[in-house]
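What follows is a pair of complexes built around chain A, which joins chain B in one and chain C in the other.
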Partner chain A sequence: MNTLDPTTFAPLERAAQDPVAYATEWKERTGGLVIGSFPMNFPSELVHATGALPVIVQESRTTITEGRSLLPEFYCSYTRSLADQAATGELEVFDAFVLVDHCVQLLGAADVIQRVIPDKPLHFTQFISSMDDAWSRGAVEEKVQAMRAEVEESTGVTVTDESLTASIRVFNENRRLLREFFDLRRTGRLHIPASALQVLVKSSMVMDITEHTALLQQLLDRLDTLSSAPEHLVRLHLSGHFCAPPRPELLNLLEECDVVIVNDDLYHGSRYISTDVPKDGDPFAALASWYLDRNVNVPCATRVQLDVDWQSYLVDTLADSGAEGVVTLQAKFCEPLMLYYPELRRTLGERDIPELLIETEHEGLAAESIRTTIETFVERIRRQRSKQLLPA
Partner chain B sequence: MSLDTNQSTKQSLDLSPTRLVTPEAPDKSNRLSSTRMGGKMVADYWDNIFTARERGQSVVWYNGSALNPIFQAAGLAWCHGEAFSARLAAMHMEEPAQAAGAEYGYNAELCSYSRTHLGCAVLTQKGTLEKQDGIVGMADQEELAAKLPSPDFFVNAYAGCSTGQQWDAMTYRVFGKELPMMNVSLPMIFGTKPDAGYLRGKEWETTPLYVEKQLHKLIEFIEDQTKRPFDWDALSENMSYIKRASELRIEAMQLCAAAPTPATYWDWVASIAPINFLPANQMLVDYFQAVKDEIEQRIREKVSAVQNERYRVYFDGIMNWNKLGYLTRKFAEHDVAVVAGRYTHDSFWQEPDLIDVDRPLLGMAQHYLICPINHGMKIMEELLLKRCDEYGIDGIAFHSTRTCRAMTNPQQMLARTAERERGIKSFSFEGDVADAAFYKDETLESGLVAMLESIDQQRAKTAQLV
Partner chain C sequence: MQWYTMGVDLGSTTAKAVIVDAAGEIVASRVVQMGAVSRQAVGVAIESVLEDACLSSEDIARTISTGYGRRLVPGADKTFTEITCHARGAAALSPGVRLVIDIGGQDSKAIAVDDDGLVDRFALNDRCASGTGRFFDVLCRALEVDLDEVVDLALAGTENLEVSSMCATFAETEVISLLAQGSAPADISASVHRSVAARTLGLVAQVGKAIPAVMTGGVAQNKALVTFLSDALGQDLVILDTPQIAGALGAALIARDEYQGQLGLTVQDIETDRQLVAQRSGGLRDCTGCDGHLGDGHAHDHDGGSRRPVPVILQTDALSAAGPSPR
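Our next item is the complex of A and B:
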């Protein structure tokens, strides 16, 4: 297994584990504003272009207490955590919030945030989620401009073509470097815990992007890559888990079962870094292109697009990574994933691709039960492997 | 024209007590008899849908907003997904469809409207493949209540709930992505700006225009599907019936500000189907005229909808269709008149003045946007307090609907607002829109009793002060 340079990795890990502490320290250091956004489609470049720190608000590991009386238990862990963070003062560092995603549970959490901390403006500009209508592009472009006005109002800074173009450039560079890690993993030349890779992506969502990029570059410079993938491990693709990252313990548990994660389409993974903002032309229109393009590159169950399919993408990417099976991670009560999952299962089943669904919750992990399930799943793949090796 | 309210109905909603009703408790509810006609109209409507293919009629499946006046003008047969799921649940016939959905892979925590309807889609698709006539195999029909004719195309126009749009995207895939589909995107009226409020502010002024443009595109899409020009005169005529029916419905609702109330929320629930998806015609107007007439008659004759009305309650949340009859009796048993609710009073063409028959699409767009799950918190609070004032509300029952997050979203905040602004007590009970498994009678019973005791104490304190 490769080792990431621990000195360089440490600040990334700290930021990923405690984004609020990072934002607080950044604010004290710079005197700048911190603007919180919510997953999964807000273009952070827009906030960055004002000089404020864009932070994608993360699920807290704190046990949900106050939040229980604000949103019912049948909401996803991320939204319940947001309600709890609002009620327990964890969101104090933020000067304003921005949201472009129409998710019914997320909007419930947004309502709570508005009521519990009314002094923090929360701007919602709904990006159209039907992606392939004739008017979709125009509608998104219009909403990008509307969000621009909201961001400018919150920060008191005008976003110019120049400042936005510069921000797009630094975010594209950051995504490019992150993709290098993912590409190395897919080809087997990088073998690090999936939880470490998650740290790299999650920290990019909360840190000053220039600082983050410098650390990424340093990690890459100090990285010794392998010559080939470890053969004895079962190669898996992780799918699903929108908005919040799966617990690192779960990722570790998977890897303890003789598994190597070779690819994923997680939000705190490939999905987030898959697509760059076009660098030429009107930078505001480019943000709209990024939004539309990303759903083509890595289709998402939260968007509606008739001419792309998540399951087709999945089958294609499995061929590319050589993954032998798919583990779908579903945050409990995540409706988009609940709706789409049967299509994934059906398509993978038709192609005899092993697939396992694991449901996750905020409150914990039934580790031994999940371990048994994964071990059985791995054994199934091994048997399938053996059958394929037998002479016809 | 008057309605024959004595005419027997077939396949009407099951309003009989369930086994959970205390058998010895007398039924203290007194529901309107005029709504029975609605049961027959709805049953006839569905019978007509089930035979649409035999008549050579094209069929559209749609979810969300009441696009039916457009479909009617285009000569289509229209199947509303939620309406069919609600009907199955109200008739206690939802299980086969839900089982088919579960077998296909839909999780029980998913919106039960959607998984019931997707289960119907699975069954209908199976029937299509088996018989090529678009109707589920005859042997299965009675048991499964899955007689929906397969669609020729889909239209989605869902306000407020993100699941609504995704649901049709899945139905489209269940049918193998072979049928045309059109999405009308309805932005939420978030209402956070200083000028924002119900039916006012810049956001309100501009958003309907965006939706109106899409409705024009929808009509072009329908013309493509039907291969004939759209009948704009028919749409205007349809909307004139809707407007009149809506006026009568609202006037009748307002009469229920009287105490004791002559009709209850449950009567308005029984009248949802007519206003929401039945054909726009004189019968629809006559139905609501009859409802209004009966309410006026009750006021004249001092007939109340609940014997010994002592408490006036507002119902927040979507209907629990499995328990319609049961809940009607249950609340009445405690001398509670449920007089109004978000689902009935802030939905379904509730602002007839917005309908302009000369520019029908704008008024339609406006109504689609004032769906009661499509407002931000500020507007929700405004509407709740308005209804509480209009109807003299003593308490609020929040139906915490397990799989309908859209309706459940603001409830905890609304409860606090009602208490803070008006001193109105409330309680929550768990249930679901179309899955009986989530209903918890104990939480309803204990919550309701506690709230009523609290109201009694409040009244006693007030009396002492006086």
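Our next item is the complex of A and C:
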């Protein structure tokens, strides 16, 4: 297995584990504003162009306590955690919040945040979810301008073409470097824990992007000799899990069962870094293009596009990575994924691609039961391998 | 030279050990009751089964462990999950099986078995203990009877009371509440069994109904549950003589397969493949196109209209391609 330089990796890991501590320290250091955004489609470049720190608000690992009375138990763990963070003061570091996604549960959490901490501005501008109508592009461009006005109001800074173009450049560079890690993993030339890759992506969502890019470059420069995963490991694709990352313990548990994760479509993974913002032309229109292109590059259950579907993308990407099976990680009560999952399962089943669903929760991890499930899944894939070796 | 392999299943309440010979025949088996996952109990099970088989540990070519305590079994060469092992063991004990319902002390599983008698799809109960052996322990405690009496009571029950099937702890509270309201213990026991059957049906639905269906695990010895579950499924269940050893037997057979592979005796030629298939299938008839449902003109009336489950003939792809046996 490859080793990521521990000195360079440590600050990334700290920021990923405690984004609020990082933002607090950044604020003290720079005196700047910290703007929180909610997943999955807010263009952080817009906030960055004002000089503020854009931070995608993460699910907290603390036990949900006071937040239990603010949202029902049948809301997903991310939104319940947001409500709890609002109630327990964990969101104090943020000066304002922005979101462009329309998930009903997320909007419920936004309502709670507004009620519990009314002094923090919260701006919602809904990006259209029908991606290929004649009016889709115009509608998104209009909403980008609306969000620009909201961000400018919260920060007191005007976003110019020049400042936004510069921000687009640094975010594109950051995504490019992150994709290098993912590309190396997919081609089998990089073997590091999935939880370490998650740290790289998650920290990019919460850290100063220039600082993050410098650390990524250092990691790549100091990467030891590239090594491939042992042949006996079963190659899997991780799918699902929007908004919040799967727990690192779950990723480690998967890999303890003779598994190597070769690709994913997780939000805290390939989905987040899949698409660059076009660097030429009107930078505000470019943000709209980025939003529309993302659903083509890694389709999402929350978006509608006639000629794009997640299951076709998944089948194609499996061929590309050589993954032998798919593990779908589903946050309990995540409605978009719950509604889409039957289609995914049916498509994979028709192609005899092994698929396993694991439901995740904020509270705890039924480790032994999950281990048994994964090991059985791996045993089944191994049997398929050996069947293929039988003489015809 | 004769050789043997061993399978050890360390579950939540019992340790099971099985020894098979090179032909896959059971030489000896043991089930040892214990309080919880226990190294001591597994030691007793291994020593006892060796003694029963008149063998020593040196005679065992390979050992595979399974069950929740599989990593605690001393001397195991490898581990496999109880899902894989129960499927393999059930296929050996009931050739042609397509669905295995395994209910143990702490968990329950539905396993769809493919043409080769191996796991195709599977579903486990959630972290809750409802529908498991522990659930019946709770019922016994609440009714202040032992397990045999609880089964007899359930079979005698007539009224269908509403009992939650969602939580063992809450179910106990409900049982006490029903007793306080004057409900008959027989009706309470029957209703609890019925709710467990409904919960198990939900598990089976995740992998799909199929026949023949076999019950394994300790709870397969509960005649009342078998009756209620058969009703819920709308099909007969094959009951094994020794349902508790299915996992350990599967482990022993997988160990045998692996050791054969080491010796170069693995399935490399079509004739060996035929022998293995014949051993698994028992030459029973195929119920072509059947999805396990009765009715709509489809009755399991093979074997003279006995309505017994109809096993299918197992075939490997290689065997199909080779055509019929010359013998």
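Quick notes
The definition used in the following text is that the second predicted complex is superposed on the first by the 388 of 392 C-alpha atoms of A that agree within 3 Å, B and C clash if a C-alpha of one lies under 4 Å from a C-alpha of the other, contacts with A are read in each partner's own complex, and residues count from 1 in each chain.
The rule is simple: contacts are C-beta pairs under 8 Å (C-beta built on N, C-alpha and C of every residue); 3 or more make two chains touch, one makes a residue touch a chain.
None of these values were measured; they are calculated from a predicted model.
Look at chain A after the overlay: chain B and chain C fit there side by side.
Put chain B and chain C next to each other and count what each touches on chain A; the higher total goes to B. In the superposition on chain A, contact is made by A:Glu335 with chain B only, not with chain C. Once the two complexes are overlaid on the shared chain, A:Ser69 sits against chain B while remaining clear of chain C. Legend: residue contacts after superposition of the two complexes on their common chain; A:Ile128 is shown touching chain B, with no touch to chain C. Touch criterion not met for A:Thr210: it reaches neither chain B nor chain C. Once the two complexes are laid over each other on the shared chain, residue contacts for A:Thr7 go to neither chain B nor chain C.
Angle at the C-alpha centre of chain A formed with the centres of chain B and chain C, after superposition on chain A: 80°, rounded to the nearest 10.
Look at A:Thr158: by the touch rule set out above, it reaches neither chain B nor chain C. Legend: residue contacts after superposition of the two complexes on their common chain; A:Asn252 is shown touching neither chain B nor chain C.
After superposing both complexes on chain A, the closest C-alpha pair between chain B and chain C lies 7 Å apart. The residues of chain A shared by its contacts with chain B and with chain C come to none at all. Against chain A, the residues of chain C that register as touching in their complex are 68, 79-84, 107, 116, 118-120, 122, 124, 127, 267-268, 270, 273, 316-318, 321.
Residue ranges on chain A touching chain B, taken from their complex, read 69-72, 74-75, 102-105, 107-108, 111-112, 114-115, 121-124, 126, 128-130, 133-135, 139, 301-302, 304, 306, 309, 332-333, 335-336, 338-343, 345-346.
Listing the residues of chain A that touch chain C in their complex gives 366, 368-369, 372-373, 375-376, 379-380, 383, 387, 390-392. Residues 104-107, 109-111, 114, 160-163, 165-170, 172-173, 177, 181, 183, 185, 187-188, 190, 192, 210, 213-214, 217, 376-377, 400, 402-403, 405-406, 408-410, 412-413, 416 of chain B are the ones that touch chain A when the two sit in their complex.
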